[in-house]
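What follows is a pair of complexes built around subunit A, which joins subunit B in one and subunit C in the other.
Let's turn to the complex of A and B:
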């Protein structure tokens, strides 16, 4: 029994505002994008005839298809890097750090940047990456190179460096959560039965953390696919992902075509999530 | 073949190094930016620093006209406070409704969660298209506010669900048995007990809105919010003023987090001592 009766009509009144807000400001706008992508002319009118010509135009242009490929490739690269890095960090925090205070402290320092501005953090990368930047100064000082490396700023490498620092947290979090739900007795039982730590990891720990891994991968995939700010700020308009293309076309007034790319972005994100969810039954999350 | 004890130790060292290395990697840019914001008047945007001064912070306060960041800062703060309040109220209401397991609550849950999944770029772009169709002029206190809530609400909602999951229902039942009305029981028993969660939801509402860029990009009219102004200036020219501004806004975010953590500790202490003095 709670302060609200089971199935009471009042619950509709309580859920109503939030539901209407999400429908009005989230579902309706995204559905509208799909419609606009089918408009036959550039003029902004609901009377437009509907056509799939905009889509055929997209796939007819090699440059656009390449951007789609680049975006998916970048997402796959980021999923691999942050997956390994995030798992290592989560495993160290939950298995190797024994003191709860130290564990909480490390986790806090790891999470706090999530509450600060991603834009500012992107800008903060600039003095690191440039020809006279911190990385180059360090490399010159250590005599690793004798010419400054130009490959950091305005490059895919620079974008990746920055994205790793933003998105690793997204993989660490869910894995920490699933690791915490594994009873220590399970590992101890395996050890009593003379399993080596490596065997315990591969046969017990890893399978049980799989849902956490998949959730982390989904979060990174979604974020990298739609990330345009990092590419714009660090890639310096030299690199475009699908998101940058949407903005470019939006600003030049080609709304139906911008909508096409937005829809393709949405579709590839949905497809990715479906594939990832196929890999593991997410409803098992948290079950020991 | 290395014995497994030695291997175990090696794994611990490697993972520990990885963790500390990543923490440094994650924090160094922000700390460097903070350090460089205190460079002298002749300083540039990278090392070496030329003297130590508050010159760029004073410059920030002095600048008028186009680059004046004060009105956008005020707008972002007001917007963040409004989002904070709205997120807290809607999250509590939505989570309370979920407890009553109404028909369609499963769909409702996923509808709210969609807000985390949908990228800001798409939500913002869609909102821009719809306002154009309806003939509404976009502005930071209408359209931007609407799409910010879409982003902040799921975080507050999940926080409140987690809090209600651990909630001891017997306390409410006791109040109801003793004749309290449902509203009184909610106000006097439920709300004070879940207050830490409400503060968490409000914190999400504040910081996520204050820093939001992608959703604002499409939906804010001529009166821009702070992240948009920062981005515009960054696109024109990178100057140490931007480092000063970045350091200042990061400080605002960290203050919000610190304030919430302090408030949570205060509440916990009061609950603990309250339980001790009222047997």
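Let's turn to the complex of A and C:
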């Protein structure tokens, strides 16, 4: 029996392969993108002069800045919706469903759609949201509306609806895990100490699940920030987030400018994660 | 202040089912003011469920629960005049000791100044003032136990419910903690209802011991009652140091009943004036300490047995005898007074008729 000491040669040797992999697959490409974003011309050349002109150009264009704002706004909206919805689902599963079999069954139903590829899941929303789609037919049948609603497909609402269905599970999962780590006796002890169920929730359950909430929020934030497929398939070409902009510029050969947006996207993701991690110590995840 | 007449706690015919499983069946129990009551029984006997019903954490399907004379069947836990200590202590991991102990008062809406004063006072009482700013994960088992007790008692409940409160402590700590809890209970004068599966714990701490089995109460009494006069065959078998015999009634003579068993006929005092009918199946028990290997004229009951094993425990010597039907017979003798019996030796043991206990017939299920 021996324990691995921090900063010993053995620990470095063990961390080596993973570090090399991260260097090749993450650090080098990221550095490369940053480098490209500073090119003065569009063409690939090691002799390219470096400039921040591409960045000034981005912030000079109101339309681009608005896309950045829209992207962050969409991420914030999604974090709010999936946060509340995901918490509700997790709480229901872990606290209200007493039978482990039923709990597993319900969780299973939640997970099943994720067995298909993200592309198919996205496309599947089109016949659902369209003018002749399932939602409209149902609303017409129930006489809730007289004419099909066009606002579902090719709209921000449609994108949001689809994203909620894709990303809610990302918030539910970590919260289920943290809820499971709270012994039921804590809630019971609080009740015996004169706390009403609402106060048990606010004072005991919610604070103890914060690490799970934050992890879910980070996952949703990162996914929504990087999501271009949903906006493309369900938003038509009417809506663009930063990811769509990267593709657009890349396809039109404006590599440095695409790189600028990629860098800004990464920077805002990093900033968001830092803020969230500052808020809660996720190392306490799993501690009861 | 004159004590009000109402008992701290009354259960009347309380029943609880989980699906088809009956966890608590017709349990009736009265806890007079300031009593220390132990619910004792094997795991799954319904003792913890009974405690949880009193707390309001489980709903009774039938019967009545009264706390201080008031029916509380439909009162949620946060409005009952009780406190509860859990086996795992259930300390809130995100709160400091001071915050934790003040939680109950905070929930009752006490002013902040009052909470601060009473928390300080309570921490001092339980000698945990130095831990005020610590979080539970930095506390030892004994410290956690004190914090849990302080937290439970700060609201001055009428009854404190304790679910195996020392079960998770180190063995070496248990004795001291037990005595301390008993001391606290005497000092503050509220009732403690203490659930345990450990009979030594129950006997050394309880004023009243309630023995439960299969969702029912088998016997309620002082430790002496239960030790010396087990009411049912279950109690006699559950309490260590009893020899239990099954047989049938074969006669009676005044207060004495004669019972024929596969290993002999024994005289035992009747339970009441009425003689049980001849041929009725009954059981009786006698304590291992009341058997002698040198029976005299007063030892009406005799039994032949072979010494199988001897255990020397310092102040007592414990023998395991084998009867003719290969069943075991336990005998305990004090100190060096008794002559030593060697393994393999065959002796005649005896006990006085009045030392045996005839059990009540088992209650019909349902």
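We take it that the second predicted complex is superposed on the first by the 268 of 288 C-alpha atoms of A that agree within 3 Å, B and C clash if a C-alpha of one lies under 4 Å from a C-alpha of the other, contacts with A are read in each partner's own complex, and residues count from 1 in each chain.
In the analysis below, contacts are C-beta pairs under 8 Å (C-beta built on N, C-alpha and C of every residue); 3 or more make two chains touch, one makes a residue touch a chain.
Remember, it's a predicted structure, so these values are computed and weren't measured experimentally.
The superposed arrangement places subunit B and subunit C next to each other on subunit A without a clash.
Which of subunit B and subunit C touches more residues of subunit A is settled by the count: it is B.
Of the two partner chains, neither subunit B nor subunit C is touched by A:160.
Of the two partner chains placed by superposition, only subunit B is touched by A:226; subunit C is not. In the superposition on chain A, A:15 makes contact with subunit B only, while subunit C stays out of contact range.
Once the two complexes are laid over each other on the shared chain, residue contacts for A:254 go to neither subunit B nor subunit C. Of the two partner chains, subunit C is the only one touched by A:208; subunit B is not. Judged by the touch definition given at the top, the superposed model places A:28 against subunit B, while subunit C stays out of reach.
An angle of 80 degrees, to the nearest 10, separates subunit B from subunit C at the C-alpha centre of subunit A in the overlay.
In the superposed pair of complexes, A:51 makes contact with neither subunit B nor subunit C. When the shared chain is aligned, subunit C comes close enough to touch A:194, but subunit B does not. Taking all C-alpha atoms of subunit B against all those of subunit C in the superposed arrangement, the shortest distance found is 7 Å. When the two complexes are laid over each other on chain A, subunit A has residues 196 in contact with both subunit B and subunit C.
Residues of subunit A that touch subunit B in their complex: 1-8, 10-12, 14-15, 17-19, 21-33, 36, 44, 46, 85, 88-89, 91-93, 96, 106, 109-110, 112-113, 115-121, 123-128, 130, 132-134, 137, 164-165, 168, 196-198, 222-223, 225-226, 228-229, 233, 243, 246-247, 250, 255, 258-259, 262, 265-266, 269, 273. Interface residues of subunit C facing subunit A in the complex, by the touch rule stated above, are 55-57, 76-79, 82-84, 86-88, 90, 92-94, 103-104, 107-108, 137, 151-152, 155, 161. The residues of subunit A lying in touch with subunit C in their complex are 183, 185-186, 188-196, 199, 203-204, 207-208, 287-288.
Interface residues of subunit B facing subunit A in the complex, by the touch rule stated above, are 4, 7-8, 11-12, 14-16, 18-19, 22-23, 25-30, 32-33, 36, 45-47, 90-91, 93-94, 96-103, 105, 108, 111-112, 114-115, 117-123, 125-130, 132-133, 146-147, 149-150, 153, 157, 169, 172-173, 176, 182-183, 185-186, 189-190, 203, 207, 210-211, 213-214, 217-218, 227, 230-231, 234, 238, 242-243, 246, 249-250, 253-254, 256-257.
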